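What follows is a structure written as structure tokens; I'll ask about it next.
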Amino acid sequence: MSNILVLHGPNLNLLGLREPDIYGSKTLDDINLALLDQSNRHQGQLRIMQSNHEGELIDAIHEAVGWADGILINPGAYTHYSLALRDAIAGVSLPCVEVHLSNIHSRESFRQKSVIAPICIGQVSGFGWRSYTLGLLALHDHLSDSGK
Amino acid sequence: MSNILVLHGPNLNLLGLREPDIYGSKTLDDINLALLDQSNRHQGQLRIMQSNHEGELIDAIHEAVGWADGILINPGAYTHYSLALRDAIAGVSLPCVEVHLSNIHSRESFRQKSVIAPICIGQVSGFGWRSYTLGLLALHDHLSDSGK
Amino acid sequence: MSNILVLHGPNLNLLGLREPDIYGSKTLDDINLALLDQSNRHQGQLRIMQSNHEGELIDAIHEAVGWADGILINPGAYTHYSLALRDAIAGVSLPCVEVHLSNIHSRESFRQKSVIAPICIGQVSGFGWRSYTLGLLALHDHLSDSGK
Amino acid sequence: MSNILVLHGPNLNLLGLREPDIYGSKTLDDINLALLDQSNRHQGQLRIMQSNHEGELIDAIHEAVGWADGILINPGAYTHYSLALRDAIAGVSLPCVEVHLSNIHSRESFRQKSVIAPICIGQVSGFGWRSYTLGLLALHDHLSDSGK
Amino acid sequence: MSNILVLHGPNLNLLGLREPDIYGSKTLDDINLALLDQSNRHQGQLRIMQSNHEGELIDAIHEAVGWADGILINPGAYTHYSLALRDAIAGVSLPCVEVHLSNIHSRESFRQKSVIAPICIGQVSGFGWRSYTLGLLALHDHLSDSGK
Amino acid sequence: MSNILVLHGPNLNLLGLREPDIYGSKTLDDINLALLDQSNRHQGQLRIMQSNHEGELIDAIHEAVGWADGILINPGAYTHYSLALRDAIAGVSLPCVEVHLSNIHSRESFRQKSVIAPICIGQVSGFGWRSYTLGLLALHDHLSDSGK
Amino acid sequence: MSNILVLHGPNLNLLGLREPDIYGSKTLDDINLALLDQSNRHQGQLRIMQSNHEGELIDAIHEAVGWADGILINPGAYTHYSLALRDAIAGVSLPCVEVHLSNIHSRESFRQKSVIAPICIGQVSGFGWRSYTLGLLALHDHLSDSGK
Amino acid sequence: MSNILVLHGPNLNLLGLREPDIYGSKTLDDINLALLDQSNRHQGQLRIMQSNHEGELIDAIHEAVGWADGILINPGAYTHYSLALRDAIAGVSLPCVEVHLSNIHSRESFRQKSVIAPICIGQVSGFGWRSYTLGLLALHDHLSDSGK
Amino acid sequence: MSNILVLHGPNLNLLGLREPDIYGSKTLDDINLALLDQSNRHQGQLRIMQSNHEGELIDAIHEAVGWADGILINPGAYTHYSLALRDAIAGVSLPCVEVHLSNIHSRESFRQKSVIAPICIGQVSGFGWRSYTLGLLALHDHLSDSGK
Amino acid sequence: MSNILVLHGPNLNLLGLREPDIYGSKTLDDINLALLDQSNRHQGQLRIMQSNHEGELIDAIHEAVGWADGILINPGAYTHYSLALRDAIAGVSLPCVEVHLSNIHSRESFRQKSVIAPICIGQVSGFGWRSYTLGLLALHDHLSDSGK
Amino acid sequence: MSNILVLHGPNLNLLGLREPDIYGSKTLDDINLALLDQSNRHQGQLRIMQSNHEGELIDAIHEAVGWADGILINPGAYTHYSLALRDAIAGVSLPCVEVHLSNIHSRESFRQKSVIAPICIGQVSGFGWRSYTLGLLALHDHLSDSGK
Amino acid sequence: MSNILVLHGPNLNLLGLREPDIYGSKTLDDINLALLDQSNRHQGQLRIMQSNHEGELIDAIHEAVGWADGILINPGAYTHYSLALRDAIAGVSLPCVEVHLSNIHSRESFRQKSVIAPICIGQVSGFGWRSYTLGLLALHDHLSDSGK
């Protein structure tokens, strides 16, 4: 039974509206329901937050200390430059999985580099909304392996 | 008759105070009045906002959906690294014009690259406060051409 | 019910022996059993092959045409330079998922770039042997979504 | 009342014919008429020239000394490498505005860099034929501000 | 007697918790007390603020105009990319000293470059919490030399 | 039966004189005779021009519209930087073949990159005067395949 | 009368199947027949081989010593990284012509650089299956010029 | 007694007018008189030409064959990109000296690289109009040493 | 008494034939005899293999586990890109010495970088066939020092 | 009570004379007196040396072994390239503080990189002669913290 | 009448012996005699020094203050990296001319960049021993122009 | 019987003291004894020198002319930037072998590049003190092969 903080970064509230050929037609609510459903099956707890503000995402990571066992994050465009977000995750010493809806490795060159990934356990990229459920599964398994 | 969201990015509230040899002696209020006056002549509506917060600028772009026909933005220093702002503009699919007071192409090399411009209609740079009025004119004409 | 070609690239036959602090203590047989077990649960078929020879991997991809519905591949070190492998996958037009045991994004800079990933559906990296099972799950779901 | 030299660089004589999806369907004559009309309204004089020859463009800039108050230039492909054109403009010490039909910032990377812009007042890019009229307006206003 | 704005950037609220082998075991309160104590000895006033929000840091810098004689800042990860923070400091024309707990010059290459330092008086890096007290001393002396 | 514009770029009038170990001992007249002879056998028409002037080459390309079915060009040193020449060829929408006497891929690194090639059908390089006849053959065949 | 080794590199066995919009609809057999037909007209001998294995291509080059007068090669993706193939060709001191179906100079940047070309006589690129026949013609002519 | 072609590149006709703090107050006529005077003392002949046209400069170099013993050139801005000019000088096999009024090594980085210098005997840079007379002296001495 | 695997990479079977001014006139058999002779004097055992196939070299390294105490390798052109070979050597955890006949540090820039060397004990380069005997000596001494 | 070696690198003997707008008007003697005074207050000993010779600076560092507890160094221009100086400091294993009079981070790009700083405790830059006294204070405190 | 310090950098004592095809057959004494002879004709004084020691060259520059009116220097290999030498010349504020025997712009790329030239009046390169006499002439003329 | 100059560069006098995990526990005297012993067995003469001064190393190389048959050098940190040392070795035309205690190819990237190696016979790196004895052996053999 694990407690997971789920963070959606900037512009992910637009899902379904924004460039559906790239990001798919599911809304963020659809994805959150899928994650909650999956978490329930594992008897885990989720706290879910979306923000376009780098600082709010950092605050949320700090506040996760003491409650959460791990973090599932889609940092959106912050993936590529937010060293502050990277330091926040490294600072709280919680295992983190980075997910992306689109395959960032086949897009513009600036999207192929993540400054967050090096301090995560791993990265799942390219499977649409399923990147989230795969990432949550990976995080659950990691926590189970670690005895949590 | 068009509705335009005008966004002023970080530090533009300092206009008149900040490095006047680069940015001129007009205040932000002076510029806003000039824009409102010009917009009135076109029977258009403006909503104007200045923020130093990347997240607030993104929120404002999202909230423009449904009301605005286009965006006029001086992204300030975010011009050069805010991929989140870029994604916000691309995500709402509104025509956008980027303006700069100074000629960014003749300044430090890091100011010569805009991550926002590639998803805009065009860019106006170097004409002081008139960059705004030229940009607004260009946006109006673009909307007229598109039948809006 | 789907048919999947599973390819293990160079040096993966050493698993369990080779640098276990990086690659884990499971052997390749352990991983293959886990994949077969998972595939059986989906009533799918797997063909599994490991080779240290770039040409054999390419041949295997070509021979998959007509039988396989998708490819699951850990290209090992070929990830970073085998454009021939990339062309093989693109050439057969089969959906492909790339997996890595270690988090390649936190290792030497030459390991952070994949020449294969841009022509795959997606990439799973960093979850040890589970990267394979997550990748197989992602591929199955992708095929299901496509009606196969 | 100002005298302006308008320079059209290489291949702009093809306008209307050349890649209309990028450059629009107006011909160069259409643009020149629009500029003359606008100039007349400001009681200014225009001299207009198109050339595919770098040297002729430079000669024309030199010959503008004594007559012209400013230069409006679309340097075409010379934008990206003609340091000789840059030196010509800097050498005659006339205020210059650079315009582009297409948004050069969203095209091939070699088109995103202008060697001319750093010695201009400013740049207008991306508004089709209106880039010229906006640029002329900007130049007129600049000259008015300077008391010319 | 001088008035100094002390700014702590993102993740510095984690001090003592976060990677103590890099950042030391003192908390931010410990550091603030040391700074206040030192300031009292110089009969100066301090206003101290920590924020994970780039925009709040910029706002605070703007609000310092009229009260503060100088700024002491540890920009945290914003050191390496926040051009908006840089412009804020340059815009208010207050002397600024940049400090870092760790020796940024011996860490990852992305931490070795500061976009803030070029518009500061100077930089102190590597002395743990003493970087702050050294930086405050340097700022006081600079203000004394300038007759403030 | 096809009409081809043959363009020889700068310094090719020196052929036979200029560095014969690199460019061979045939003169430009020799090459032109070979091309005319070959064209006659295909019942095609050639117009041949050599110029050291970038602008004259561009003018010639423009004037080919309406008469020529294709262009055979050895851009000489303009190969490596004349974006204006590139735009001229792209602008007239005629199929073009680029040829080089020497193998540019085995010479100075600046000669290995062509800014013209990306908008041509193909490139023939390294076979001395035969590069021209091979290129003409390739262009004829291309036109035949296209039904011209 | 000359003896030529014709080598087809990786994935060329897929011709006709693989991305026909890039590589055309002819199969490798079609191309080989065209080459044999052309060679017969010159009373030359061809040995033709396709392999996806870098080592087999190298072996074939070595074995050509004593029999072949020249090599015609399409190195496929090995064009861009196989220094071993380059050394093999240089090592046997046989004249070699490199051919490509597509115009590699207008594709991804990694395809624009050939490590093989610098040690060849020349390169023919972009004319579909005719690149082979043009290349063979060039090689025959080269051998004739050399008195073979 | 030697015959020298003196070439002045683009914008040098502006001398005296153009940025006199960089290029000095002497006109081109002043410089030419100084060169003629010096040449007379050596009983040499000069032909002097200024052009803003790259092609005319190349033509002039070609026409020097048979008359001139050497070339003295200030290529102006063509210094930095005109590979065609470079090939012209290399093609006629005449000894050439490159001169610059300003010290190009202390100016913008793009002015510090000459594509012409590698095929010249030497370069003289930074001594105002005297760079020409020093360069002519160097060329005379070089020709004397060579027995011309 | 030590057991050593000696590996000769691609094209080394051509020794004596291939570019003798670079690689010397000794054949591979000559070198192997010298190595065997030297090994006999140390009462060691050698297994020697040459292959042009990257995969065969990797297989041979894997098969050395259990028998060999160390590896002496001249990776030929694979030196510069075969990350798979690198991983194979690192994976079997055997001490390895890299040798080169020519001084790779004075050749083309792409030959100056070894991807293998970083995981070897050391490198001997430039002494012709003696690089092998020096490398074997170094490996023997290393093994002796380690008590093998 | 600590013993400190103070090293002044090349050209620092010119202080007061050399570019006083950058380096200030204090002489090296002034700075040394300030350091001695500060050291006396801490009951420490200083040995001070200035040299323009890289080798003498290295010798001095070696000779400090056994007497000194730490090193305070302004490496002058050697900061940017003297790897030998870096190795000397690392070799003697004494704590070292690097100081600079000017803010090297706001000067020419080649002055922004220190090859010495990565093996120092920290760096103080930009406070004129006070950089030395701040650096000495930092070193004393570091030694106190370490129990020396 | 002017006093000039002439400095010969490292390895110039080998002149006549060292690579005469690059550096000529004159010895350093020959060059010094030519310089002294030329200086006498101008009634100037020379002090000449050669050193292989960077520090000694810097010391000599410092000691020139008060006696010398200018510096003529061939920095040898220090041209390319001795920032300390650069700072020494800039520090004493004496006009300096840099000379090179060979044309550094046509040699290895690392020899094409001078870190000294940006703070000199100008550079003379490529005329063998005459580069010195031309450089001395240029320096004398510069001093005359300045009224010394 | 050969005469060899052995040069130890900067900081090698610290051997045994300096970072023994990288450089081993042997002192420089130990290494020198081993070299002398080996040289005696070959009836050769050694002159051995260590210096931290670049200039002294250059002087020693110059003075070797007439006595020495070859040079064995460990340039220490000068390996990576001393072009003056490189020119000295090239200037005296003596065969030279470069040795390194540690494997420079597996250390910091700046240590992987030698500016000395390109003008040496070869390089031995990574075998601790034995790099010297292997290098001396290689040099003796080279001299024997050359008949010295």
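Letters A, B, C, D, E, F, G, H, I, J, K and L mark the chains as written, and numbering starts fresh at 1 in each.
Please note the rule applied: a residue touches a chain if its C-beta (ideal position, glycine included) is under 8 Å from a C-beta of that chain, and two chains touch if they have at least 3 such contacts.
Keep in mind the model is a prediction, meaning the values are calculated, not measured.
Colleague: Counting one step per pair of touching chains, how few steps separate chain G from chain J?
Modeller: Contact-graph shortest path, chain G to chain J, evaluates to 3.
Colleague: What chains touch chain E and also chain J?
Modeller: Touching chain E and chain J alike: no chains returned.
Colleague: Given that chain F is a copy of chain H, what angle of rotation, in degrees and a multiple of 5, matches their CA positions?
Modeller: 120
Colleague: So the centre of each chain is just the mean of its C-alpha atoms; given that, what is the distance between chain D and chain G in Å?
Modeller: Computed value for the inter-centroid distance: 48 Å.
Colleague: Report the inter-chain centroid distance for chain C and chain I in whole angstrom, where each centroid is the mean of the CA atoms.
Modeller: Each chain reduced to its C-alpha mean, chain C and chain I end up 31 Å apart.
Colleague: Could you grab the centroid distance between chain F and chain L? Build each centroid from C-alpha atoms only and quote it in angstrom.
Modeller: 55
Colleague: Multi-chain contacts only, two chains or more: what residues does chain J have there?
Modeller: 53-56, 81
Colleague: What are all the chain pairs that meet the touch criterion?
Modeller: Listed in label order, the chain pairs in contact are A-B, A-C, A-E, B-D, B-E, C-G, C-I, D-F, D-H, E-J, F-G, F-H, G-I, H-K, I-L, J-K, J-L, K-L.
Colleague: Can you tell me which positions in chain L touch chain K when the two form their complex?
Modeller: Touch list, chain L to chain K: 53-56, 58-59, 62, 65, 81-84, 86-88, 90-92, 115.
Colleague: Please give the residue numbers of chain H that touch chain D in the complex, ascending.
Modeller: The contact residues of chain H facing chain D are 9-11, 13-14, 17-19, 51-56, 76-78, 80-81, 110.
Colleague: Residue numbers of chain L touching chain I in their complex, please.
Modeller: 103, 105-106, 112-114, 117-127, 130-131, 134, 137-138, 141-142
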